[in-house]
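Okay, so chain A shows up in both of these, paired with chain B first and chain C after.
Coming up: the complex of A and B.
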């Protein structure tokens, strides 16, 4: 394929501009979080980290973090288990309603999340369940479990069914095959699905809005403060939430790199 | 082997099917039932009537719906245009840079959308990152573009960019290079190649990306609330108000149902058009 040199340069510049466009607002939030003034205005006159100190000392903040973390951890665990089996049904086994199943699980992804949250609120109400952070877990699952399934399914597509058949021919039962052959093969997909599930749940706002009852997650609290008056803690907590996510992603990349380096070293030894 | 496959497939589909049955399908049925209840009730044990739907017309809620659909449509059209060159480059021109771009775009998705929108408020407000610095350096400021309809569309474009970019790139990667080259060899101009070769062959990606962005943007709430102030009311905003301040669940449900029918129809259409095995399992 021939693309002229100047076109290539224009396209690279365009790509870099789009990345800058995506991250520019985060830079503003970052600057705002270290401004000392209670009422923010640029250019910032005095920098200080006092809002960070205040955020760390506040009990509201630690409640918010606990709630967000509990929701995200539970959503991750359940999504990974559901996605493991879901992906096999999606990509590996040839069964009668497979294509219907594939399309069905896409529907929640195509749905406005605010409306889903409201629908869940009414559903819990008619069941007599009082909303709390636990019901928010259910709400997040509607959207996140299908996404996790798609991620594992990409991995499941690339594996060779002959490996399972070989195990079966040698006398392994269905359960043994799942544990000894399928699970290790899908592991990288499960890890990335878990990572996606955690991060998407951690940052999700529209699904939590109506389903957490009296509890509040971090994004919900930030939204409440944004639409009703400014608090200097908004940019600070925003930055803390973003940094938390990015540290987790970097850690995941580091672990993946170490595992690969380790394996390469072993192969080199053999 | 086939009968075993059939059994295992059904069994392994069960957990996810159960989750979606209890947390997706059942709630939608409840919304549908609530929407035909008389005003301001909180249980389903009432005589059904359709008063909530008549409010949709008499109270002017259709205006919010039209605004939401119009803004979603504009955002989708803008996104197709700005994402096309980038998606094309990701599929055909960039090598390693494609990966970097993908990681950068996906990572931005993990940041709560209201934090990113709030960042735009800080960037664009009077005394914000741009205006504040400009005034400090040149002495000239400008009026903030916030709290207007164009800025809401801007917010939608910003938030839903990844949902257009990735399907488009996937669609364009399915256009064979040979076909394009053949068209050029036969003397086709750049525009002819675009309109007669690339767009039709990348159509599945364009359709999926457009439907996804349109549907999500039509039900969006945060953009109009955070960036738009009270410039216009989005339909999702009306739904929220009906539930919270209005304490009128049947009205909120009826408004939701109208949105659900439009969006659900489009989503079903979109989903029926995709062949997931072809898109995701190309390695086999």
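Coming up: the complex of A and C.
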């Protein structure tokens, strides 16, 4: 189908508007972070990277990063393990109440996170657990592990169970099958599940707000500083947080690209 | 326990809940045999092969391989290997890694594995350059050969096949049928093959077992199953067939409600006072203008269909639609709508007794 000139112009304008709407706010935060002024104002009079220097030197910032990173890394690891076994249980075994269980597990994704956070906080209180970043890990998991399971399950459903049967038929035991067949085939799913888990935990605000107790994650701190006692470190940390996420995504793409290139090089040798 | 066969089944039953998929199977497969189990879907043939390779457990009965009872042995400890319907080639491995997989499991040295993989590529007529190819780069026929090479690398006592050709197009299937038969001859291995395609079974097998409702209807060489089926089911399953009701009076005189029978005709299997079905394959029917046939009937030519080298006619008779097949050069000199008399001789028929 050929597009007429006028349709094309409308499409371009539409596309540019959407992109501007999505990214301009983010870009403005980027500009704010390199302004030397203490308070947010446009246009920026003097550019400086001094707030980045302060951020890197600040012990508050390193505490925040440590907490956010600890939560995100633990949530990622546990989610991936839970997702691996959960997805296999759904895709490979037929048991009673399987579909009911599947729906129940996915339900927390659709709860408003504030309600989920509040409910978990009340639950921790009634159990006598003092909220800290560790309880936040549990809270994040309630919401993130189902999403990770869903991602791995999509991969697990598309994989022919005959592959594992064939490996067994050729003499492989359970552990060998897992190592040689199941894990390599589910790996793309596990990597994307891990990536999602990390990013969702890293950026999560509502669940953390209710469940971190005295500890504070990066999004919580950004919010607190915006509400009271604005610090010029806010846009700086905002940018650092976004850059961290991008680096992670780029790293994942780079690994995928390297694996593929390595495989292609092997094939091209003959 | 007699030990005549390489693989012996005694009273094998498989139940799924209240459903009995296999109803007491006895079977002996000889060493080096190409044995094919044919049956429609739901006949129990897939259940059977899963029991034989050890992916399901028998409910009752015994399976023996040589002098060892194997029905309780898990699949990974049985010296047998199967080529799956989906082929089950590992998509994350190269052709070479796929072929070497069973040797890797046995912890053979990489150099030895590589040498054997190269031998198998030759045996399966795949170029050596395929060693490093990815499975996704192979065509359907090449994948088939890789799956065979991998199964042979396992060096199984028995090689099982679960309808591996069913997803391929007609021409490729025909080529691979011949290659499989040839491979069987060259390797001398015992092949047990499952298919729903009778043609496939006939081309390749030493013996064929016809399965229906969890039991064997008949086990025999291909030719015998075609020309002397034991039941209506087998006769109809084995291609186009014409069946006529027939009975013998107390005096031995043969009569049929739909056929004219020449006086004095005798059928070996039809004893006085019994009835059954007379089977004649479409290629044995002739135009009976001059007479001299044991059995005749008349009908109207209803349709003519080209089958390549042969032509098939449908003739509407008192017995329903009768199928006639002729070589192209012998086509019937009768047009559609014309009334013809068809004849055939007792020697070209097979009688299926009343029990069946």
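Simple rule for what comes next: the second predicted complex is superposed on the first by the 244 of 270 C-alpha atoms of A that agree within 3 Å, B and C clash if a C-alpha of one lies under 4 Å from a C-alpha of the other, contacts with A are read in each partner's own complex, and residues count from 1 in each chain.
Quick note on the criterion: a contact is a pair of C-beta atoms (placed from the backbone, for glycine too) under 8 Å apart; a residue touches a chain by one contact, two chains touch by 3 or more.
Just so we're clear, the structure is a prediction, and the values are computed from it rather than from any experiment.
Asker: Is A:205 touching anything from chain B or chain C once the two structures are fitted on A? First, second, both or neither.
Answerer: first
Asker: Which partner does A:170 reach: the first (chain B), the second (chain C), both, or neither?
Answerer: A:170 sits against chain C, while chain B stays out of touch.
Asker: In the overlaid three-chain picture, which partner chain does A:185 touch, first (chain B) or second (chain C), both, or neither?
Answerer: A:185 contacts chain C only, not chain B.
Asker: First (chain B), second (chain C), both or neither: which does A:162 touch?
Answerer: second
Asker: Looking only at chain A, is it chain B or chain C that touches more of its residues?
Answerer: Chain A has more residues touched by B than by the other partner.
Asker: After superposition on the shared chain, which partner residues are touched by A:98: those of chain B (first), chain C (second), both, or neither?
Answerer: The first partner, chain B, only.
Asker: For chain A, which residues lie in the overlap of the chain B contacts and the chain C contacts?
Answerer: In chain A, residues 165 are touched by chain B and also by chain C.
Asker: Please give the residue numbers of chain A that touch chain C in the complex, ascending.
Answerer: 160, 162-163, 165-173, 176, 180-181, 184-185, 263, 266-267, 269-270
Asker: With touch defined as at the start, can you tell me which chain B residues reach chain A in the complex?
Answerer: For this pair, the touching residues of chain B are 1-2, 4-17, 19-20, 22-24, 26-28, 30-31, 34, 42-44, 85-86, 88-90, 92-94, 97, 101, 104-105, 107-123, 127-129, 131-133, 136, 158, 161, 177, 180-181, 211-212, 215-216, 218-222, 225-226, 236, 239-240, 243, 249, 252-253, 256, 259-260, 263-264, 266-268, 270-272, 274, 276-277, 280-281, 283-284.
Asker: Chain B touches which residues of chain A in the complex?
Answerer: 1, 3, 7-8, 11-12, 14-15, 18-19, 21-29, 31-32, 40-43, 81-83, 85-86, 88-91, 93-99, 101-116, 118-123, 125-126, 138-139, 141-142, 145-146, 149-150, 153-154, 157-158, 165, 174, 199-200, 202-206, 209-210, 218-219, 222-223, 226-227, 234-235, 238, 241-242, 245-246, 249
Asker: Where on chain C is chain A touching in the complex?
Answerer: 53-55, 74-77, 80-82, 84-86, 88, 90-92, 94, 101-102, 104-106, 129, 131-134, 137, 150, 154
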